[in-house]
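Just below sit the structures, each encoded as structure tokens.
One chain, subunit A, links the two complexes that follow: it is found with subunit B in the first and with subunit C in the second.
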Partner chain A sequence: MSKQHMIGVFDNEDDLLQAIRKLKEKRANIKDVFGPATNHDLIKAFTRESLLPFLAVLVAIGTIIGAFAFLYYTAVIDYPLRYGGKPLFSFPPMVVILFLLTILVTGGVSVMAFLGRVQLFPGKEPVMIDQRASDDRFYLVMDQNFNPTEVRQWILDAGALEVVDKEVDFSLKTIFL
Partner chain B sequence: MISTNIDQTLVTGHKSYGQITGELLANTQGRPPLWWLVGVGLGGILLAIGGWSFYQTLSKGLGTWGLTNSVAWGWDIINFVWWIGIGHAGTAFTIFFLVFRQHWAGSINRSAEAMTVFAVMCAGLFPLIHMGRPWLAFFILPYPNTRLLWVNYNSPLFWDVLAISTYLIMSVTLWYLGMVPDLATIRDRTKNKIQRTIYGMFSLGWDGSLYTYNRYETLLKLLGGLAAPLVISVHTIVSLNLAVSVIPGWHATILPPYFFVGAIFSGFAMVLTLMILMTKAFSIKDYITEKHFDNIAHVLKYSSLLIGLAYATELFIAWYSGVEYEIYTFFRARASGSFSTAFWIMVIFNAIVPQVFWFKRARKSILSLFLVSIIINVGMWFERYVILVSSLAEDFLPSSWTGYQPTMVDIGIFVGTFGIFTLGMLFFVRFIPVIAINEVKPISRIGKEKTVKDSQDE
Partner chain C sequence: MEHTYKPSPSTKVLLGVLILLGLIGLGYGFATDPARSWNNLLINNMYFISISIGALLFYSLQLITNSAWSAMFQRVPLAMGVFLLPGALLMLLLYFGLPDIYQWAVPGIAGTDKLIAHKQPFLNVPFYMIRIILYFTMWIALFLVMRRYALRQEKPGDLQSFYKSRYYAKVFIFVATIFFSLAAMDWVMTIDAHWYSTLFGFRAAVTSIYYAVAVIILFILYLNKKGFFPAMNEAHRHDFARYIFRFSIVFGYLWFMQFLIIWYANIPELTAYYYPRFVGEWQVLFYAEPLINFAIPFVVMMSDVVGRHKVVMPTISILLIFGLWVSLYLQVMPGSTGVMQVGIMELAVWLGYAGLFLWLVLHSLGRSSLVPSNHPQLEESIHHHL
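== the complex of A and B ==
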């Protein structure tokens, strides 16, 4: 579904940051921003922190408990086997294994969660404002606003090169269909 | 250790974003240069030698190697430890410098990580074929089986399997995720339809949305934080393979930190070698400047001091312990006996030669940087040789003492891993931007007064 959008074109992050701050202050609806690079200020002005670290902590705790249960079950309950007269269960070697498994599983789940949340997968058709969005231009895409002329002026005041109106399709598409 | 002024220009030449994209994509465009084709041919020959040796090992068995009853770990484990050591610098570069806010490392990350990935692949090959029957490698994993047995969790060999596979998976993930935006840049600029489809697949439909960037940065920081302890744990666990045993020369608590410093040392040396070759091959002098080489040389100088300290500590503790076997291994077998040549090569190449980097002229000259980086890697190979072979060949019982000679098959497999590494790096520099474009763009603005406007504006 293509829809008409007002797009502010910028060539650097500083002007873009000015524009985002102004628009946020005036409570205008920003759809999204596309660009080749980013920095912390830009992200902070635009959106809230990602919740991914909380998920990671939960997964890590789950992995530690699950892996510990598995190790204890296999080493002590299912087939108790003594190696060199050592105790069936000893904690120090478990630390190494739990440490590594936690990193592996947490890393894997975080990547999967990220890819799922932002809907990136092989064969996805990207939202394409312009080819230069991955080169040297920043595109500030505006949603429906009740005062388009004012919004246009704010964007231009912040230092946009131009403001264009263009149909952009934001629906999820793949190259397979 | 190293202080980088935050306002210092990190990318010289006052470039606009458009210019950076163009210059850094140059290596992926046009016809492949002659040196690249020659390199691929050479890598293919090395790989073929490795393939032949691999075939000999699999068809005839481990008897084709120079191993004996006493020296059960020879070139295979030496090369394994050597490659793992090299494979350390990539993640060290990405993570430690991210944590310490060393922005200058931003333009080296990508190549250092590529080096890590290929070096760890080469390393992983050795334990695999050392099993003799690599198709049964899954026996080392704990899974429900008809033998009703589980693996021995107390064995460092099992930890090693976990450590290396975790490290490989995490490095590949970090490396790949880091280049997704750059693959999207290639996809958007190429006119070739096949190229666009392939890069389109690998770039996962990346569109540079700021919402995506927000989560992406969080994810990279998270993965970085998770991978940072891995850098230390992998080589620590490799050293535990030796330290947990009771062989003189191995049974020491100094081994984990000693191996870790050695890994950082050889990894940085290899990064230096590759960076020098890359600045010669591509026009990326503005991104990888003299300052970068200077910083790496400083790291090498200090880690060389640490290595020297470790050698001295080992000798001192061997004497101080009063254990005759330890004293024999360190003072007779290593320092003055059958392995003295290798021992003194190790000391001179690792602990003494890199000290030339105290002189500014040595850090400025590309030739001296290149030579020292090669010398360090040779020296680090001899270090592993000394540690492994001298302890095994002459241990407690003189009646079981043997010498150790590698066979052609041993050498061939080592040569083959160079083939894997060379081909891997060559394909990397041909199809992927060698410098992370999306990382360099923000740091190119550090130290500039205002943004550079594109001169070819419409």
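== the complex of A and C ==
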């Protein structure tokens, strides 16, 4: 499902950064930014609030509880075997397993959630704004806006090479479907 | 804008009062309970020497990793190394109280204790004193050399002394980590002469940076409040907060590994160290140690936004300053006096040492420009941002 988008073309990230700051200040709707390279300022100016850290904390707490239940079940209830004169339920040796499982599961889930969120997985057909987006041009893709002529002027003022209107299909397409 | 810090007269009076308080506490201690006082001296020597070594290690780390963000603050950790000079004298002073601290230094112990007799070639008083002199000669020589090259950078266009600083930083990292590990084993671990842990020295050397960073943070925030470091911003605080956070994990890891392996192996001569701490009257401190040094900093510093907050950072730093004392108290006291006595005397001696430390460091900071004005990475440090 293609939609009409306004696309600003830039040849360096400083102008792009200026445009993003201006558009954010004027509350225009930025859809996405494409480019061959990035820098920290660009990420900071464009980034939207991410829920990934909270997801990671939740998964970590869940893993600790789950792994603890599992260890308690195996060591005390299901197969109570006393070794080394230690009590059946002893916390110190569990710490290492809890620690490692938490890191493993949280890391894995976070990566998967991130890749899913940014739709980066094998078989996905990439959205290609233009062939030059993988070469030396930066693209600023705008959503539907309240005042297209003003937005166009702001982008051009910031130093864009050109502003084009183009139909872009952002819907998820894979080779499987 | 002033570039040189001069402690105000009221600060000097306050620090003088602290030192006096420490002397009174120490005098009272020696009059009532000499053994307790000698052990307090050892705790506080170890405390402030480890902060000095940690600060110099931090300084060296910044140099060898080319960390430009901290270039502006480098004079602060460098000045903190100055406590090594009185530290050497205070360690040598322990000569008169060795039997009160170390079981192996009690005359005639080798005749009754087989294990100590076996360790006698290493654990004897003359060699112990020689080792102290050896350690401090190396550290102080390297400290003075590093300080000389750092101050030489004041001359414009002298890049050569920057390279020299970096070279001696590399030397210092090796010398300090290896010999501070040995020193920690010598001074603290041999109190329990029958016990040993190969992790002990490494843990002392690595966590020294942890506490040193906490003290550096307090110094820098204090100086910033006085109007110095106007370029300090969120990004610098963020980097300091990350140091605390990372090292809290290192501390937790090392603390727990030392405990877990001994708990698991269940070898009597090793568990003899943990048993009184684990179930005896020291239990509160035993659990307080990882709570203060690991759990609280870890949870609080986890979020970047909270960690670099101007109130949270000094609070955690002060907590860590307390945590190092708890940690050392728990390492020294159960093996030497064997009774838990925490009173006014402990506080007074610590305050006295803190006064001496602060007085020396602030005085040393005032001897040169607070910001290394010709440091090649200074501009990058000033414009550091997230």
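We take it that the second predicted complex is superposed on the first by the 172 of 177 C-alpha atoms of A that agree within 3 Å, B and C clash if a C-alpha of one lies under 4 Å from a C-alpha of the other, contacts with A are read in each partner's own complex, and residues count from 1 in each chain.
FYI, a residue touches a chain if its C-beta (ideal position, glycine included) is under 8 Å from a C-beta of that chain, and two chains touch if they have at least 3 such contacts.
Keep in mind it's a predicted model, so treat the numbers as computed, not measured.
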item	value
Partner with the higher number of touched subunit A residues, subunit C or subunit B	B
First (subunit B), second (subunit C), both or neither touched by A:Gly85	second
A:Leu71 touches, of subunit B and subunit C: first, second, both or neither?	first
Which of subunit B and subunit C A:Glu125 touches, first, second, both or neither	first
First, second, both or neither for A:Val96, with subunit B first and subunit C second	both
Common ground on subunit A, meaning residues reached by subunit C in one complex and by subunit B in the other	40, 93, 96
Touching residues on subunit A, where the partner in the complex is subunit B	11-14, 32-40, 42-43, 46-47, 49-50, 52-53, 56, 70-71, 74-75, 78-79, 81, 83, 86, 90, 93-94, 96-97, 99-101, 103-104, 106-108, 110-111, 114-115, 117-128, 131-136, 161, 175
Residue numbers on subunit C that touch subunit A, as the complex places them	256, 259-260, 263-264, 266, 386
Touch list for subunit B against partner subunit A, complex	16-18, 21, 142, 148-150, 152-155, 158-159, 162-163, 165-166, 169-170, 173, 177, 180-181, 184-185, 187-189, 197, 200-219, 222-223, 226-227, 229-230, 233, 237, 437-438, 441-442, 445, 451, 453-454, 457
Partner subunit C, residues of subunit A touching it in the complex	40, 44, 84-85, 92-93, 95-96
